[in-house]
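Before any comments, here is the structure.
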Amino acid sequence: SKIKIGLMCPQTGSWASEGIDMKKIVNLLAEDINKKGGVLGRKIEIIDEDDGGDPRTAALAANKLCTRGIVAVIGTYGSSVTEATQNIFNENKIIQIANGSTAIRLTEKGYKYFFRTCPRDDEQGRVAAKTIKKFGFKRVAILHDNTTYAKGLAEEAKQNLEKMGGVKIVFFDALTPGERDYTTILTKLQSKKPDVVFFTGYYPEAGLLLKQKKEMGWNVPFIGGDATNNPDLVKIAGLDAAKGFYFLSPPVPQDLDTPQAKAFLKAYQAKYHALPGSVWAVLSGDALLAIVKAIDGSKSTDPDKMAYYLHYKLKDMPGLTGKISFNEKGDRVGDLYRVYKVDDKGNFVLQPKD
Amino acid sequence: MNRKYLIWAICLIFFLSPLFLNAYWVDVLNNIGIYAILALSLNFILGDTGLFHMGHAAFFAVGAYTTAILNTMYHIPILFLIPFSGITAAIFAYLVARPIIHLRGDYLLIVTIGIVEIVRIALVNNIFGLTGGSNGIFGISRPHLFGLIIRRPTHFFYYIWIFLAVSVFLFHRLRNSRFGRALNYIKEDEVAAEGTGVDIAKYKLIAFVLGAFWAGMVGNIYASKMTIISPESFTFWESVIYFCIVILGGSGSITGVILGSFLLIGLPELFREFAQARMLVFGLAMIIMMIFRPQGILPPPPRKYNVDQIN
Amino acid sequence: MALLHLKNLTKYFGGLTAVDNVSFDVNEGSIVGLIGPNGAGKTTVFNLITGHYVPDQGEIIFNGQNLVKKPTHIIVSLGIARTFQTIRLFKELSVLENAMSGYHCRMKAGIFAGMFKPRWQKREERQAIEIALKELKFVGLDVDLNQKSKNLSYGNQRLLEIARALASSPKLIILDEPAGGMNDQETRELVELIRNIRDRGITVLLIEHDMSLVMDVCEYIVVLDNGKKIAHGAPEEVRENKKVIEAYLGLDEE
Amino acid sequence: MLEIKNLHVKYGYIEAIHGIDIKVSKGEIVSILGANGAGKSTTLMTISGLIKPSEGSIVFDGQDITKLPANKIVEMGISQVPEGRRLFDTLTVEENLDLGAFTIKDKNTIKKNKEWSYSLFPRLKERRNQLAGTLSGGEQQMLAIARGLMSNPRLLLMDEPSLGLAPILVKSIFETIKTINKSGVTVLLVEQNAKAALKLANRGYVMEVGKIVLEDEANNLLTNPQVRKAYLGG
Amino acid sequence: MELFFQQLTNGLAIGGIYALIALGYTMVYGVLKLINFAHGDLFTLGAYIGFTLLTSMNLIGKIGPLPTLFLFGIIIMGLVGIAGIVLERIAYRPLRSADRLAAVVSALGASIVISNSIMLIYGARFLVYPHHILPNFTINLLGMKIPFMRIAMLLLSIILMIILYLFVQKTRIGTAIRATAIDHGAARLMGIDVNKIISVVFFIGPALGGAAGFMVGLYYGQLNFMMGWMYGLKAFIAAVIGGIGNIPGAMLGGLLLGVIEALGAAYISTSWKDAIAFFVLIIILIVRPTGILGERVADKI
């Protein structure tokens, strides 16, 4: 019989685009695995549920998945959505590997079966502060969008910058995501005369900010968090406005020289005729690879054995976004964050590591 | 007589259902139960008094956050916090409703939308440094009842549905009393209601306060069920759902509202098969149900009076 | 001492003086008619008495108390009940509930009594039904008590409104065009009813354009025109008053 | 001019009119009497096309109007002064009159009609810019009648025009109806005020619970003992 | 001070869009007393149709940008207007004699249906309009730099508002609309074809919303199937601030809301911006319970 693996992702609601992409990627990889004979001689089957990007729906989806005989679950995207499902999976002893939930506390609770392929906000905050410092900016404005993720990152970055010293935070506030016109906020930002603006929100807003900033004739450098890593950013902002924009992100498959990344990209393009949307969806693919590897490596679908394998045995598994290992908390190890810059042609160019 | 037995049989089967349903379906029923109580509490304001109130999630939120804050900071047991959550929500409702109670129809509607949005934004912005901002509050403990920890869906099933049953009992009595009738007078004609001696501002306020009190208590249940709450659970859209439950079920009707919760909360679960088209189907269902039952699925039955006994 | 005493009552609507320095008394146990051309301000006077509008000047003394600025629901409980020029029943509620609603202001039960139903609450509830039935019988409304009031015929709706007003056991009942839309036969029955109300000791103040009714039933008549009181007195006097004929009655060719 | 045959009207499942026949000739004033709820207003609303009959036909000027939409019926020259006035409360007196003339496209005719209305009801002229909803009951009734005349109707349906009017106005309203009739407008009048209505009318119908029970010359009805007892106060 | 004026102009530009959507909201409300929660999604529809037109037909190269945009604008208004008529037929007309709140629920359902249909057709990802269609230069006004397009959009909104106002106040159909708004039955007795009038209103309102969607698409460039919800809500607030049912009120409310948001963001806090706007709304309604230019109430007992 088949080994069932759950996938929890937002297929409706505000984050539907992420969830739909997650589904595409996971299914693509699962097909590939099955073509190669599956794992432990059994085929795998993906069972997906919509979490609607909302905690309550997610809790239901989690309960539903638990009744479907899955051995592990991938997902989901938002931190608070994931959090609403954590104890459900934990109580049911189901391995959960989240892909887009970066809030620090998710892995601070000591849940044995919880892992994530994405890095944590504090990690990114550290890298962000370091990068800002390295560029030599003195007056920093930090703008978030009041979502769990963006605000968490903003606060991490702020703390790190303050700890390092020599930098003044001249602005720290949020915009309202989903709007189209951010000139009021940009005007206010401009009046604070920052050297740089660090925006920790998502790419749709980042694109508009860049575009409208350019229109105002304001030439301040912008740095984005990893949620701005989306090719649509350039489309939204326009090439002129987007070029010179820096952002932090785990590397996307396009930038990796590994055979896994290349093969994945080729397969994805062949099937869906486009590039994957965001790195977060790709990280759900990594979650699947890790699960399959854990089953294979522990030669079992027993959650305790799998969890043990993931915690202590899995080392540098080649994934779509680089090598994957987990620490005892379930966090992915290694410094993943890289700095990207949008070049004159609108490509995201990986900046050399210092 | 036969009908009565049938109803009791259905109730019995329902109360035994967790024994043969899986955890998921039990949890669906739990959600339905929570929404049913919330919608019943909204029904006072919207269905009985005819006040267009689309911000009920604000009161729910106040109750849930009261529980969460007091439980995580001072470790007060969840069950003790039930009345407390109700009272804070009621006080909050009193304060916000007082200045706006004279607004009519759609003006009241938009103001209540405003209230729920202001509350959500305040929560997101970590007002008073208590609400945890957009992260919300986590680590809320489970209710302890006589040594039993209520944690599994089945436990919650009994917890929630008994609470609902008690609410229904009380609300039903209230509906058939001077107070319930007075609310209806206001709904039908404010001028005439005043003319029969109803202090309409006071009764409207009481309706708000009482509805909020119940919503606040549900907030407590919700907080302990989820163990983590965050502002996104208390949006305007949530209020819209309660609103639709009341109207679709049959505004003013207790059975109707419960049935409405089954439809509006249960249906999307049945529609899971439609994946991405699920909300589309759901929206269509809403339109179709309204067209075929504009007065709601089960409009309120006329009250019965024991006239013969008097003659 | 008069039961109701209006003194220098004035009400403006924007530039319009709808009620202009009107004073008159309504004696206890009497039937008083308020007549006058359309737009004279009669309904406005009623609305001032019942607290729906607040007068710009003047006093309204009822049973020794000043009613000015008192809210309507208090005025009702002090003993003034009314009907409306256009029928305002609770359309979706039953005939019985409409009649019971009048008794609301004499009841005590609040939320807790409603939820927990102590014995006194049940007694009170029964009493409300009794009173409603009594008043329905009194006005001669013999219809299915459980039907919605909107399904009643027009004339019966008028009667139900009166029954509702009576159920509040008022000292003064004020009727705004109770015979409006009734035919002569029904009007005659109404005259009887109004007399019966008075015979119960309830003072009646009414507005009516049907002169046969007014002249028949009223003991004292006040005539308004353009917001001002232009005449008052017994029906015979008023009928002969030149100003009244000119402004209101018109010459009777018959 | 107007011929109603075997008209049945239902509200939902309940039939309010059980097959009535009414005939109005050009230039007449015809009155319909009847107790509350007899179905008089329903009949008028059906003629105007706001309610569609379940059975029967209405012919106006040789044309079957049973299935025509309300606006076409107004265009053909039937206008109504509805029960309860149905004024446009938040519009001014003048705007209400303009709406009465909605089917007339010629500006001069509208102006002429308006002047005629104001001469019939000088009070309205005083209040031409007041909102209709704040007029007193009687003023509203005047406006409703004036509005009904604005469309140059050939047949005017009037539903209890004297309702709530001061005696002096009742007289003048009935005078006005006469004047209107003399100017060539046929009138179908529903009234509770049976005496005045029958004095004015050429012919009359008596309705009881959805049926016509009597039909005669107005003079004969005035003296008919049955009618006297039920509607004329003995 | 310069900041103040800069924010004022920012607010007016945003407010212009709100106003344009609020106009349609208010018209539909006026006639049917219906809060058309699907209005925001018709706005989204306009933006998406615009996207399809711009990306599928290369007219700009042939007849130049301005005629193309004008032509597309007309097509979009027409199509969204027709969608509005269809919406009314299906979801609202059967409920016309029912309780008002039944129609509100139906409208909410319609909102879900439209936005999710758009998602199923166009996908959930953000779409982006082609760039550089519009002239993009800034004007220096009293030391403030204002992008030309913002002034143009504000002007366009005001012009549409004036046209609409004149249409409703001065034309025959306009008078019929106002009469229908008060009493359908009485309007029919005046010889007004009420169904036709309602269709006209359900054409104009959504058409204006569609136009606003196109403008937002052109100027801001970025589309998403959920975008209409927020705009719809803001427009509703704007309409209520001004006095719902009132056309100049919608305009005033829209501009005011934009300015309140901009100044609130500038002087208090950007993250509290919407709360501030709601707060001001509540204060306005407490002081003037039917909005600033609220309908003239005839409250007679």
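Odds and ends about this structure:
Labels for the chains are A, B, C, D and E, by order of writing; each one numbers its residues from 1.
Following the convention adopted for this analysis, contacts are C-beta pairs under 8 Å (C-beta built on N, C-alpha and C of every residue); 3 or more make two chains touch, one makes a residue touch a chain.
Because the structure is a prediction, the values reported are computed rather than measured.
Where touching is counted per the definition, the chains common to subunit A and subunit D are E.
With steps allowed only between chains in touch, the distance from subunit A over to subunit B comes to 1. Counting C-beta pairs in contact across D-E and across B-C shows that the higher total falls to B-C. Summarising the inter-chain layout, the chain whose CA centre lies farthest from the centre of subunit B is D.
For the pair subunit B and subunit C, the distance between mean C-alpha positions equals 41 Å. With centres taken as mean Cα positions, subunit D sits 30 Å from subunit C.
Measuring from the averaged C-alpha position of subunit A to that of subunit E gives a distance of 36 Å. Subunit C and subunit E have Cα centroids lying 48 Å from one another.
Among all residues of subunit C, those that touch two or more other chains are 43, 52, 84-85.
In subunit B, the residues that reach two or more other chains under the touch definition are 124-125, 191, 276, 279. Each of the following residues of subunit A touches two or more other chains: 12-13, 16, 20, 146, 174.
Across the interface of their complex, subunit B is touched by residues 11-13, 16, 20, 48-50, 54-57, 59-60, 63-64, 66-67, 79-80, 83-84, 87, 91, 103, 105, 146-148, 151-152, 174 of subunit A. Interface residues of subunit A, counted against subunit E in their complex, comprise 12-14, 16-17, 19-20, 146, 173-176, 178-181, 183-185, 187-188, 191, 203-204, 207-208, 211, 215-217, 232, 235-236, 238-239, 277. Across the interface of their complex, subunit E is touched by residues 46, 52, 99-100, 102-104, 106-107, 109-111, 113-115, 117-118, 121-122, 124-125, 191, 236, 240, 243-244, 247-248, 251, 276-277, 279-280, 282-287, 290-291, 294-296 of subunit B. Contact residues on subunit E toward subunit A in their complex (touch as defined above): 3, 6-7, 10-11, 13-14, 17, 116, 119, 123-126, 128, 131-132, 136, 138, 145, 147, 216, 220-222, 224, 226-227, 230, 261-262, 265-266, 269-271, 273-274. The touching residues of subunit B, counted against subunit A in their complex, run 22-24, 27-28, 31, 124-125, 133-136, 138, 151-153, 226-228, 230, 232-233, 268-269, 272, 275-276, 278-279.
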